[in-house]
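Pasting a structure here, questions to come.
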Amino acid sequence: MSSFAEHSTDYAVVESEPPEQLGRNLNTAGHLLASATAFFFLAFVFAYFYLRALNNAGLWRPRHVNPSLTLGTLAIVAVVASAVLIRLGLMDHRAGRRRQWRLKGWLALGLAGVAVALQIAEWATQGFGPADGGYASVYLGWTGLYAVFLLAVIYWIETLLATATRYRKIESGAPPAGHASGDSHRTGHDIHDPLSLVRPSLEALSFYWAFLAGIGVLTWFILYIL
Amino acid sequence: MGSRGWKAICVAGGVLVVATAIGFYIGGWATSGPASFTPASQSSRSVNLTIQTVAAIGPKLSPNPSWVSYLIRDNSNQWRRTTVWKLPAHALVHVTLYNFDGASGLRNPFLGAPQGLVGSERVDGKVLTAMPPDQPSHTFAVPELGILVPIAPVADDAKNPCDVAPCQLSSDHRTITFTFRTGKPGHYRWQCFVPCAAGWLYGFGGPMQSLGYMDGFVNVV
Amino acid sequence: MSANAAVPTPPRRRVVGYNLLTGLVLGVVGYYVGWWIGHHIHATSIGYFADTNQNDIAVFLGYFLSVVGFLAGLGFLSYPWARVRGYPPSLREKETAGVARYFGLCTDHKVVGIQYLIGIGVFFFIGGLNAMLIRFELLRPGGQAFPAGNYLTLVGLHGTMMMGIMSSAILGPFANYVVPLMIGARRMAFPRIEALTFWLLMAAGTLLATTIFFGGFPTGWTGYEPLNDQANSGMDSYIVFFGLVGISMLLLGLNMIATIVTMRAPGLTWSRLPIFCWGVISTASLMLLASPVLIAALLMATLDRTAQTSFFIPSAGGSTYLYQNLFWVFGHPEVYILALPGFAVVLELLPVFARKPLWGYRLAVAGMLGVTLLSWLVWQHHLFVSGINGDLRPFYMLSTELISIPTGFTFLCGMMTLWRGRIRYTVPMLFCLAWFFNFLIGGLSGVFLSDVPSDVTTHGSFFSMAHFHYTIMGGLVFTFFAAIYYWIPKMTGFQLNDRLGKIHFWTMFIAFNSTFAPLFAIGFMGQPRRVVTYPSHLQFLNDWVSVSAFVLGASMLVFLANFVWSLVFARVPAPRNPWGSRSLEWQLPSPVPVHNFDKIPVFTDDPYGYGDDDGRVPAVVPVGAPAGGGS
Amino acid sequence: MAAAAPSTRAARDPSHGRRLIGAWILLSVILTPIVVWLAGKVIPPGNKTHQASEQVFDNQWIVAVSTPVALLMIAFFLYTLIVFRARDGELRDGPPIRGDARIQITWIVITSAAVLTLAVFGTYELLQNGAGGGQGPDPVAVPSGSKLPVQVIGQQWEFTYRYPTYGGLETPHLVLPADRQIELHVTSLDAIHSFWAYELGVKADANPGVDNVAYVKLKSPTTFHIHCAELCGLWHGYMFDTGKVVSQSDFAAWIKQQQAQFQPVSQYLPRYARSYYPDPQRRAG
């Protein structure tokens, strides 16, 4: 026997984790991540109101600094629609309509991508640059970093869809050992059925994505409407 | 235990060697700075210094070729980039400064008038009392000794500007002469007050915050 | 489990595998790729690089890709890549024995704990060395041992290294190691993230050290704008360092909270949770919420330095106060990120060595949560004389002083735990008792800084420097060593030498006080912080401090000698429960087997039941029979 | 768990607590006045201005509250660590006392009272005249009476001073008239500096584009030290100076002399302003 086998855990002795553990962990993490995200954007909210109140050197917002309301609104509408679709997809998944969930998931993924594209289009056409005063700084920093968060969520949605697609044909029961994990030497795993591969993460995503969309609406309100 | 003991000794020895190396490296880096220069003096009461200011130090004398800098002429008539000078106490220092740089302009116009000199500052032979704030190219200032010398610029449309140090007197330049008295022994910093580090916020980065360029020490002994 | 469980095939040995060496190589490669890309970005707004031969975009991109390459080399990217291809979340097992797992991505929380201990130790050593050099410079009033710019970089490196790396000094090594054991779990909630926090911290520390290749940075650990924007490319290392530390702390906090919330064994109610875990929760929640503000502030600074935004440039529509506010919104909770783990360690260890239950458990919890909450409301006391509008100063004075109330809870609970106990003066106990003394002085001197009229003199002077060294070094580093002496037998299975431990304690305690007590006087006598030169009449006190500081540095070498001697040469096996503790981790074998528990234990009581059964010890909290070692 | 659960098992020896409290009260009564008196003597920044005296007085208050706290801790630990040490080698447990509501409430009340006393007193001192600290552009604590405005301009790396009532005279030296109320306007042209006039009891950060006001009421002629107290770059440690407080007549003479000396450059000075925006462009020159 190799040294690996000698020292690896004997899964016959060690009891397995309760199946709901992953869901609980991801749910908690989703909420914690949302609170951290809130504090991150709070810094930009603070920067916005602080610089606006000070208006140093009269350079808070020169007249030509005026991003397009249309593009900004469309981007946020796409974000909100995507979050709603993920939520509806989650309801489908809970009800066992796995096909419908995948459909809505791909749509949501596309919409999130559209939001990023619209944001990029806006930067390209807005007619002012980062050096144009306080508002321009806050606007570019805020939307830019929000777009980074959008990309992270796009990654998250994609992983779920990829998993859902990969196991779409397995109706129930655990996949064979070594198959699901991608680790050939793995002897046991806590995957019980294809649904458990997606559901916990989808629950957490649904919450986080709705939260991030909420921050998006706040972003839109502060940057375009106020 | 035997081979394990040897292994342990090797590990401990290795750690010690690495730790010592880190220590020496940090210590060596921390003490690195421009070398000190002692001008040959005729007497303990009087020293002559010849210095020049250039817009770009060039790749030969510095890893930061585009930085503005002071240079000093050493005892073998070579131009050196060092700004740490050792001078005798209570001595008169006669400085001849060749400036090859254009105007940068002062942030605080007050610093456009010479202060604390013995006699007056002369620019190309003419006495200078004050300079308009958009004029100065650099200043030579030792705040602790109360010395401030604004340096007149080369005209923007100079025909034969000097691009890279060391500059020769055949290029367009201004000649500034002044005399100051060193005081009690001590380490006195000197610096430039003109925000001349182009590209840095408020003109005060890079060469303005690095010894050997626009900052130095007058070590009076 | 699936029926057709195959015979496990050992992982192939490859010449190029995921390990530290690959990580370092890819890190260097990544840096140069980023540097190259950065030099090929052309935009009209950044054309001024030509004037400075300093291209911050290239440096930032270099650092970014360097970190990506480093993590890829360690194997962190293979999991996200597997997820992209649709493989489900599952843990890769890395539970082989051997030294190799300490040099790579390992998801065993016990390995990560030991990695943290050694990794943090290395940077603690470098940070301490910087302090020695600073004190060497200050032996003479005129200075000149180091050129002024290098001196400022040393000051910045010392402060930044200590504040950044040591934020995880207790949570990194000890919470990672013992929290799952204390709460009866086999792992942390997110083992891969746990490993990531460690390697991010190491990448951060290494990148910070490279600042000396880019001219250092002149701002100290606070990185105030607009000096920050004005500085050389060395500043970029500072920004990247704190950014990575921020991400590392954020994830560490998230993982800790999630673990304690979701992974507790049955019967471990909130009121039975070991007090150490409460301290970890308090610290972790500050890490989770304060780090994002720091990351945001640093990203703004990054944009100012590269994309020409003007968040912090008053003449272009920004404000220097914006940075100060954002920094201290993070910075003051950060101070408690450093202090609270000290509270936790002290309260956890006192019952063991006083042989009494923790006195006033709920008050102790309330104290730590109270500090956590109040630490959000005090940040502007750093701006009392900054020229920001002064109307709120009475509020911040009050809120700052209010913090002494929950801090007092900790003191009361600790003191009353000792009262009528049977106090044993072991080495960890000595460090805990020193905490009371140091934190008392740190706390009382803090009152001077919280009080505006008094702060006018003490602010920005050596007084405030002495104050925060009493709270952070006296509060964190002393408990860091308490934790080392306490938990090392469990973590390694070997005892540390007791006599060397006591020599270490007494030299460190005396030298520490001899170093920092005179600094209060020096500050009161008018010496500002971070100066390279000072008036000559302060030379005697400064020399005294410097010499004491060298002794303090030497005491660390005593510890290092003890550590190496005991763990490498002497190797005296430690008993399972040398301190007679009732906490769950001590009921397991030393060192702990790979999967901690064969059967998850069930809690029926808290771990502080000293004296409950006729004074006989130790009564073992009922647990499932622990697994017996490897084979 | 924190509920009052007086142990019946461990024979309670009430004299421990009483002995300790008694010793503490005795020590506090004797030592606190001595420490407070000493603090008044040695704690800087001295008595050269009204503000400095106030700070010393404030420090005495803090010392007065801190001393009994420190004495309690010292007495407690000396007593506990000696009396309750484990005397034998055998590992035995102490009494299982888990809390006492009365002690907790007493502790909370006393610490809260001490903290509130300090905060109230500090606020009172602060609102008198700002205690010498920089108060920003719109000060809340303004002393009454006429004030001589003096502007402090921080720049990398020197302070210069302007006297708006004397034609906006600018000089590299800070000289002030005795027995006057001074209104300092601290501003910067580049990075953040901090104007610290140590013996005057004044500290105010110099921020670019900000007018930071601090008040100080001077007493008799003296000299004082000026430092920069905020890290401002390479020469931060060398940004020090000495200022003077001189008699009214000497001050008038000094002003005349300075006006004559800096006459050539005064024509180039900008009009006096609350603050001067440095270089709106990022490029110098």
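A, B, C and D are the chain letters, set down in written order, and residue numbers restart from 1 in every chain.
The rule is short, and it goes like this: contacts are C-beta pairs under 8 Å (C-beta built on N, C-alpha and C of every residue); 3 or more make two chains touch, one makes a residue touch a chain.
Values in this document were obtained by computation on a predicted structure and should not be read as measured data.
Colleague: From the C-alpha centres, identify the chain that is farthest from chain C.
Modeller: Computed centres place B farthest from chain C.
Colleague: Contact counts by the stated rule: is the higher one at B-D or C-D?
Modeller: It is C-D, judged by the count of C-beta pairs in contact.
Colleague: Based only on mean CA positions, could you tell me how far chain B sits from chain D in angstrom?
Modeller: 38
Colleague: Distance from the CA centroid of chain A to that of chain C, rounded to the nearest Å?
Modeller: From the centre of chain A to the centre of chain C is 29 Å.
Colleague: On a C-alpha centroid basis, what's the spacing between chain A and chain B, in Å?
Modeller: That gives a centre separation of 54 Å.
Colleague: Could you check chain C for residues that touch two or more other chains and list them?
Modeller: Those would be 48, 51, 143, 148-149, 151, 218, 226, 230, 308, 313-316, 321, 533.
Colleague: Could you pull out the residues of chain A that touch at least 2 other chains?
Modeller: Expected reply: 56-57, 59, 131.
Colleague: In chain D, which residues are in touch with two or more of the other chains?
Modeller: 190-191, 208-209, 233-235, 238, 277-280, 282-283
Colleague: So in the complex, the part of chain D that touches chain B is made up of which residues?
Modeller: It comes out as residues 153, 155-158, 160, 170, 172, 189-191, 208, 233-235, 238, 262, 264-265, 267-270, 276, 278-279, 282-285.
Colleague: Quick check on the complex: what are the chain D residues that touch chain A?
Modeller: Listed in rising order, the residues of chain D that touch chain A are 209, 277, 280, 282.
Colleague: Can you check the complex and tell me which residues of chain C touch chain A?
Modeller: For chain C paired with chain A, touching residues are 1-2, 4-6, 8-11, 45, 80, 82-90, 92-93, 95-98, 186, 189-190, 250, 253-254, 257-258, 261-263, 288-293, 295-297, 299-300, 303-304, 307-311, 314-319, 321-322, 325-326, 329, 594-595, 598-600, 627, 630-631.
Colleague: Tell me, which parts of chain D touch chain C in their complex?
Modeller: My answer: residues 1-2, 10, 16, 43-45, 51, 54-55, 58-59, 62, 65-66, 69-70, 73, 76-77, 80-81, 84-86, 91-100, 103-104, 107-108, 111-112, 115, 118-119, 122-123, 125-127, 130-141, 186, 190-192, 194, 196, 198, 201-212, 214, 225, 227-238, 277-280, 282-283.
Colleague: Which residues of chain C touch chain B once you look at their complex with the stated criterion?
Modeller: 48-54, 125-126, 129-130, 133, 142-151, 153-154, 212, 215, 218, 226, 229-232, 313, 533, 564, 568-569
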